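Next come two complexes, and both contain chain A; in the first it sits with chain B, in the second with chain C.
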Partner chain A sequence: MEALKYIIKRIIQTIPLLIVVSLISFFIIRLSPVDPLAELKLNPSISPVTVEKERQRLGLDKPIIVQYGKWAYSFVRGDLGITSNGERVSQKLKERIPNTLLLTSIVILLTWLVGVPLGIIAAVNWKTPFDRILTVLTSIGMAIPSFFFAVLLLLFAVKTGWFPIGGLTSPNFADMSFGGKFLDIAYHLVLPVFVLFTISLAGLQRQMRGNMLDVLDSDYVKFARAKGLSEFSVVYKHALRNALNPMITLLGFEFAGLLSGAALTEYVFQYPGLGRLILEAVLKSDINLVMASLMMGAVMLILGNLIADILLIITDPRIRVKS
Partner chain B sequence: MIRYGFRVILVIILVALLLRACLVKDVPPKTGTTKSGLTDIVNIDYPLPKNVTINGVDYLQSQAPVGTFGGELISSTIGEGPKTFNPFNCKDNTSQIMSSIMYDGLLTSDPVSGQPVPKLAKSFSISPDGKTYTINLRHGVKWSDGKPITADDVVFTWRDIIFAGLGDTSTRDSLVIDDKLPQVRKIDNYTVEFTTPKPYAPFIRMLSTPIAPKHVFAPAAKKSAAYFDTFMGTTTKPEDFVISGAFKIKEYIPAQRVVYVRNPNYYEINTKDQKLPYLDKLIYLIVGDLNNEVLKFEAKELDVISLQGSKVARYKSVEPHSDFKLYNLGPNTGTMYLSMNLNNRKDPKGKYYVDPIKQKWFQNENFRRAVDYSVDRKNMVLNIANGIGAPLFTPESLNSIFLNKNLKPYDKNLNKSRELLKKSGFYTDKKGKLYDKEGNRVEFDLYTNAGNTEREAIGIMVKQDLEDLGMKVNFKPIEFNSLVNKLVSTFDWDMVIMGLTGSPLEPNGGKNVWLSDGRLHMFNMRTPSEGKAKILPWEKELDEMFTKGALATKFEDRKKYYDRYQEIVYSEKPFIYIYSPVIIVAIRTKFKNIYPSPLNGITHNIEEIYIGE
Partner chain C sequence: MIKEVLQKLWKDKFARAALIVLALIYLALFFADFIAPYTKDFSDRTMAYVPPSKVFTIDETGKLSKPYTYNYVREFDPVNLEIKYSLDRTQKHYIKFFSKGQPYKFLGLIPMKRHLFTTDQAGRIYLLGTDINGRDVFSRLLFGGRISMTIGFLALFVLFPIGLLYGGISGYFGGKVDALMMRFAEAVMSIPSFYLLIILASILPSGMTSTQRFLLIVIILALIGWAGFARVVRGMVLSIKSQEYVQAARSIGASRMRIITKHILPQTTSFVIVAMTLSIPSYILSESGLSFLGLGIQQPDASWGNMLKEAQEFTNILYRPWLLTPGFLIFVSVLAFNVIGDTIRDVLDPKSRER
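What follows is the complex of A and B.
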């Protein structure tokens, strides 16, 4: 019951937060000197009447506050509006979200399945050659910017011809059997997944290793060892459970990154995900699309944190007592 | 300590070497190198298709060699991909290309001479007074769903879509002559007549506008204009398209590709009377940027690519032992220019758009000519376009059929620049800084759009050239949309490097730029309420040339007016043209029947292209 009250309270708290986020984003976009109709205006074959029609259709002839009010009213009613090309924003997002989710969920799954065990092993084998080699490798992983690594891999793909140059499906995708389709997508996913995996693995492994080392150094672990427990039960029963708590918070952030975490890599690999869509939208100040993506990002972050907090309540008795 | 010093020296040497490598300014152009073969523009002897009648059906018969059927061609489009497949709604280039594949116009332009030739129409004639256009349609040709293409479709397209103001109204707006629109009339099922209120030469080019199937578009045209804007958009099912072109859409996958398949009802046949097109599929990949496009071509995911100057030398050197061939399509139809803000008016708040001190410089034609003479176009072609380009001096592009060939190119001439400046009272101090008559230091901002590496490079070289004259130039690349806002809305700029697209066939498209109240009259932009305020004498003459040029009917008469307009721009320098990049296209050698045209591109005869050995 306490927990339920806490969750409701948290959800209510997010409402003013979302309003502030939307206000700030809307005004920053609209006050920037970017002209959403620039491309039309610079095309000699487009007549002034057409430009004026577009201006009215996009509501650019009204004061900003009115524009915001209109946007907020339809947003609250669940209508995300239309893009500057006249397509429905919800339709656009619906096209792209599955692709991005596919990529990011594979990456998150892989990094957690590999990163957490690697962190534990490294901590247990602290200062052995194994640990040192891993440290060097993860330092490299953290130091390489994702877009640069992606470009390197693309060049590799061109030189060897082993992998496709970006995209998600081959041109003859529609004519493939189900198995063929599956393999085709997997083939296209190898490189982007590899980039994102290497980079987030490095961070996660180090985090896990650090947590584990902290815990292994604590008094109760020493006590458990002194008590004569087997090393296995000391590490996996007593130390690991405590070392995992901070990782749960991290998982909350990973959740927020599900939709927005891969934008750069997506762009380099020409992956048909949200990242490319949003970047193009920002560049031409396509307000409804940008606002939808910003609000989505904000909601995902808040949700992620909430989920992490709830999980923490379940796993950590100390927090339960406080709340 | 010694080691430290050694490292510093090493770094300095390295930097010096790198800088040396970057400064190719003084290196004379290499002669007789790999590039030499590229300077020749393709010569085409394209056999124009002819009309033949078989069993009462008026086919278009390709005269190119007979090929084999099957296979696919993969091309690409850069950017976001198409926004609509409705040919009457296209406000961007990609959408226009994607929809014009599916819908043919009555006429098209001859890939060699650029003159209008029949396409969906069987023939056409213009009355001696230049006001009546009679179009004869083909008998027995069909839409992709099997319904016949008749005069009703043509009349519907022109009267109920274009003249009714649905979709993009630019075609309609450009046809309003003395507040009147042309008339369209059905004579019989296969004859249509257009009448313009006055002789209006650009109208013939408008007849290449696609024709819509009435039985599909009519219900949408009857609903609201807003409905029509979303009609045949990107979410429409491929089977709902009824088309007349060689290829029909099969699937559109956002941010990935558009796939077309051959239209079995297409009206063109080969000399063996087999129905074209040869290819089964035409695929356009949607790629985000130029670099990705190049990678895709090199990985053989693309069959055809348009190359930038910097890439050409390398492609040329690997061409002999590769599976592609390069074609030189001649100068680009776009123009790149440097412009000064000639605006001398006040905004509604009573403040000058341009600082009055700077106004005096920019209004001064000697100042503009001095800037012009200081720009080193040859050097820019050499360094920025890697020699793949040609200096430009006229507003019409170099492949335009209206180009005024009497306007001679000239080289950079700093002495002439200094002379001109001196004539107008500018002087330099001992340090070489330039001042005007009243003793104001000549200093201004130069803008271009950030991200366009070519224009940024030009900006840097222009800045260097102008600083040789003692001017102080603050070069500021800014984001494209912000720059356009400055140019067409707020007018608060001094000097800019921009580009405009043009047509090599019809100068009248430039009237938005050159008419003194035009929407893109950037160098002296007037708000709609200002009308033609403070018009300069040569602006007035430009207005006259454009009005007369559009109303004259004979090519020779029109050429005279458009020659004069180029002459005015050449001497008054509202725009200082820089250079035209040359278009180099690479295409896999397995494709046959390739007749590249400087006017229409490399795949203008897509229905005749086939895959050979």
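What follows is the complex of A and C.
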């Protein structure tokens, strides 16, 4: 019950956060000297009536506070306006967000499956050659610029022909069976996932190693050892649980880092995700699209943190007591 | 304390290697005008995408000779429809050291003409080939490095005072001020940083000089990072402010700003140094990513990121691999900074000292 109360409180806390985020994004974009309707006006396939409707909807003739109010009102109602091509922004986001979520969730899953065990092994074998080699490898992983790594992998794909050169689906995707579709997407995901995996694995492994080292140094672990427990049960029963808690907090941050890293990777691999969408929108100064994808990015990040916090309540009883 | 840290860094063999690598890179960047055979803007349009010059030290008779190079000539192959480069073996161009070449201003002040190495007037020496405009990649690497390797430091010098003061005020005042300031910082952190970065960069007006653009990008980079830093500072200030000496300062009647800036913030120095060395690489990476997308440093200025922009085309990465060199330099310098950062953290972290 206590936990539930805390979770509800935590969810309510995100509302003011979202409002401030939307204020910040709104004013940053309004700072720009670009006329938000310029692209629409230039597009001959869009009628002046539609442009006028957009002007009304955005309230561009009114003071900026009113504009914000109008924007926020229609945002809450799910009306995000139209892109400079005349498509609905909400439609565009619906296509792109699942792709980015797919990419990032696979990467997070893989990094946890590999990074956490590697961190534990490195900490248990602290200062052995194995640990040293892992430290060197993670240093290298952290230092490669994601876009450069992506470019190198593309080069590899072009030279060997083993992997598709970007995109998420093959041209004949629509004709495939369900299994074929699944395999096709998986095939296209290999390289982008590999780039993001390499880069985020390094950070995660280090964090886990550090946490584990801290915990192994603590008094209760010494006590467990003194009691004569087997090394296995000391490490995996007592130390691991406590070392994992800070990692869950980190999950939210990892998600944030991945969203940013994914933007460049998506760009290089021509992957139809949110990061590339916002980049295209920025380059075309498509204000509605920029604004909406920025908000969506923030919403995803806040939700990520929220999930991490809720997981933490479940795994760490101390927080429940404190709240 | 800094002396002790430096000594420990020097003792660690990885950190020492990293320090030497960085020292060499920065030295080369400092003397870029002298080391580079060409100026930043020198371009020979007939020499676009020329492969790296071959330097010979043994001549055709098999004797040892002064180093020389041949120029490349461009030919169009009408059968395969491609442009080929072959060596023009009719004329040798000897490489001259410390001789006069293109005029430049050393550090923008002292007019000079001598370069580390050049060839004669008709010869061209391109150690790492040329780009689409026939500009020497090696020279541009040096000039571009000046931007890429300093932009992170500059951003940190903008960001740290802001973050320190913000976190200091928030932590010291506490209560409603703290809650309000921290909610704002959290909101900034809730926007995916790279999204914010490209949006801020894209609203920069286009008609700016390259210096203005450079400074604004520094400020944008700083705007991205201050919030996370301020939060950590606030946490430290919260624990420092209850100490006796702070109460003593308060009872003497020191103003709140004085207590924050003179008594509390100096206590965070060691954290600040660690945070600085640890975050430099991320700024180098951010700048290069931004320029790679064409939103950062613009042509004709060079930065490692915008030089890599050409690597976005398959034909370039397949047939002109020398255009990828900036990527390796980014990698090496970020790696060196990371190694140093890790070692400093180990040295300053009392826990790791015990182990």
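By definition in this document, the second predicted complex is superposed on the first by the 274 of 323 C-alpha atoms of A that agree within 3 Å, B and C clash if a C-alpha of one lies under 4 Å from a C-alpha of the other, contacts with A are read in each partner's own complex, and residues count from 1 in each chain.
Just so it is clear, a contact is a pair of C-beta atoms (placed from the backbone, for glycine too) under 8 Å apart; a residue touches a chain by one contact, two chains touch by 3 or more.
Just so it is clear, the structure is predicted and the values come from calculations on it, not from any experiment.
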Partner chain(s) touched by A:283 [first = chain B, second = chain C, both, neither]: both
Which of chain B and chain C A:101 touches, first, second, both or neither: neither
Touching partner for A:50 - first (chain B), second (chain C), both, neither: first
Which superposed partner A:174 touches (first chain B, second chain C, both, neither): first
Partner chain(s) touched by A:85 [first = chain B, second = chain C, both, neither]: first
Which of chain B and chain C A:267 touches, first, second, both or neither: both
Chain B versus chain C as contact partner of A:158, first or second or both or neither: both
Partner chain in contact with A:259 - chain B first, chain C second, else both or neither: second
Overlap of the chain B and chain C footprints on chain A, listed as residue numbers: 32-34, 154-155, 158, 165, 267, 283, 285
Chain B partner contacts - residues on chain A that touch it in the complex: 32-36, 38-51, 53-54, 85-87, 91-92, 95-96, 154-155, 157-158, 161, 164-169, 171, 174, 267, 270, 272, 276-277, 280, 283-285
Residues of chain B touching chain A in the complex: 72, 74, 79-80, 83-84, 91-92, 168-170, 173-174, 229-230, 233-235, 250-251, 253-257, 259, 283, 285, 287-288, 292, 295-296, 298-301, 479-489, 498, 500-502, 509-510, 512-513, 519-520, 528
Chain A - residues contacting chain C, complex: 16-17, 20-21, 24-25, 28-29, 31-34, 126, 139-140, 142-148, 151-152, 154-155, 158-159, 165, 213-214, 217, 256, 259-261, 263-264, 267-268, 275, 278-279, 282-283, 285, 290, 293-294, 297-298, 300-302, 305
Chain A-touching residues of chain C, taken from the complex the two chains share: 183-184, 186-196, 198-200, 202-203, 205, 281, 285, 288-289, 292-295, 308, 311-312, 314, 317-318, 324, 327, 330-332, 334-335, 338-339, 342, 351, 354-355
